[in-house]
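Each of the next two complexes has chain A plus one more chain, namely chain B in the first and chain C in the second.
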Partner chain A sequence: MKVLVVISSSPFKGDKAKESVDLSLSLAAFDHEVSLLFKGEGLLCLLEDHQPKSSGLKDYFRILKALDLYEIESVYAFECQQYPINQLKLSQRISPLWCTADKLQELLASHEMVFHL
Partner chain B sequence: MKSLFLINRSFTQEKLNECLSIMSDQDLLLFIEDGVNNLLNHNLSFNKQCKAFLPDMVLRGIPNTVHSLPIVNNYQEWVDLCIDFDKAISWK
Partner chain C sequence: MLSFSVLISGSPFQSSAHHSALRFIEAVYKQGHTVNCAFFYSEAVQVANDLICPANDEINYHQAWKKLSLQHNFPLYACVSVANKQGVIGKEESMLYELSYTNAKAPFEIVGLGAWAKSINDSDKVIQFQ
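After this line comes the complex of A and B, so read on.
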């Protein structure tokens, strides 16, 4: 099944972003064809300079390096004026494909199931 | 009386203006937690005294290049602010 997981929560507000990543990996482990979409505050997951250890937290976004191992190859980021992060230093862990509203509609239509925690 | 306003989430300009409009010139707005994400927003403007909490910026990898706000460097400075101001108001 083609599944789209949308991450729109801040990486450090609650567990939604982390749980969305965990959900993606679990679905991929059961042979679903998973795509990831970062939007809104979820885009901040893509910044390079997170320093979770500075606040005694675990760097759970290291797991994003493993997306390839789980055969999650379709990673998208929806441009957002509020967070123009494509002008900043982005994580080398993943290289998302930047998409516009038209592409977003296409993505939603082309997946059989969409999860947005 | 001077108040310390605290914002811990992302705001739109409209919502930020609600807060700024009731602040006096003596008051201070401090961005903490996810409030520091506002520092990335080119569309926001701050016409009152504002500062950002450095440990939350470091944790999130948020640079201070867009608005170049003054910084509160650590928890001790934050506590000093709370003592210095008559009251602290968390603005939602």
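After this line comes the complex of A and C, so read on.
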């Protein structure tokens, strides 16, 4: 199945971003074709220079480096003015395809399933 | 006749996910379709806790799920990693962590995410309640 997992939660606010990544990896391990879409506060997952350990948090986003091992190749980021994150330095771990509002519908329609925690 | 996989991710206390999902599943059976599983993930796993005790005149979603699942014979799965983190413990993990109690019992089952990945393969339709 072609599945899109939408991540819109900050990696520093609760567990939803982590749970979304876990869900994606698990679906991919069971041979689903998984794409990720980061939007809103979820875009923070893509920033470079996270130092979660400096405040005692687990650096679970190291796992994002392993996306290609799970054959998750399509990673999208939704551009919006509220989070002008494309002007900031992004992690070398992933290079997302930037998606604008007019392309969003097309992106959603190209997947058989969409999950959003 | 169609089969459904139902993902519930919203909290039983802070969202309408459980209320909507229960009503949806009732309608599914009323129309002659079936449910392969209800899978609780994220904050929704809290509903597997059998110590939930709301006031008498409020809906007890733990009991509501139990009743519907036994009535129609579909499984209730809660994701093990999220459930354990939130203090929802089945028999196996109780032994693993050497705890003296469990609070997640049949018909709720504490399972891995793989159960969900498999279930969506075997279903005609997939729906999420957030």
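Convention: the second predicted complex is superposed on the first by the 117 of 117 C-alpha atoms of A that agree within 3 Å, B and C clash if a C-alpha of one lies under 4 Å from a C-alpha of the other, contacts with A are read in each partner's own complex, and residues count from 1 in each chain.
Please note the rule applied: contacts are C-beta pairs under 8 Å (C-beta built on N, C-alpha and C of every residue); 3 or more make two chains touch, one makes a residue touch a chain.
What you see is a predicted model; the values in this text were computed from it and never measured.
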{"item": "Which of chain B and chain C A:L44 touches, first, second, both or neither", "value": "first"}
{"item": "Which superposed partner A:A29 touches (first chain B, second chain C, both, neither)", "value": "second"}
{"item": "Which superposed partner A:E106 touches (first chain B, second chain C, both, neither)", "value": "neither"}
{"item": "Greater residue coverage of chain A in the superposed arrangement, chain B or chain C", "value": "B"}
{"item": "Chain B versus chain C as contact partner of A:P84, first or second or both or neither", "value": "first"}
{"item": "Partner chain(s) touched by A:D68 [first = chain B, second = chain C, both, neither]", "value": "neither"}
{"item": "Partner chain in contact with A:L57 - chain B first, chain C second, else both or neither", "value": "first"}
{"item": "Chain B versus chain C as contact partner of A:F12, first or second or both or neither", "value": "first"}
{"item": "Chain B and chain C contact sites that coincide on chain A, given as residue numbers", "value": "none"}
{"item": "Interface residues, chain A side, partner chain C - complex", "value": "1, 15-16, 19, 22-23, 26-27, 29-30, 32, 113, 115-117"}
{"item": "In the complex, chain A residues that touch chain B", "value": "10-13, 41, 44, 47-52, 54-55, 57, 81-85, 88"}
{"item": "Chain A contact footprint on chain B (complex, rising order)", "value": "9-10, 33-34, 37, 40-43, 55, 58-63"}
{"item": "In the complex with chain A, residue positions of chain C that touch it", "value": "7, 9, 41-42, 81-82, 85, 112-114, 116-118, 120-121, 126, 128, 130"}
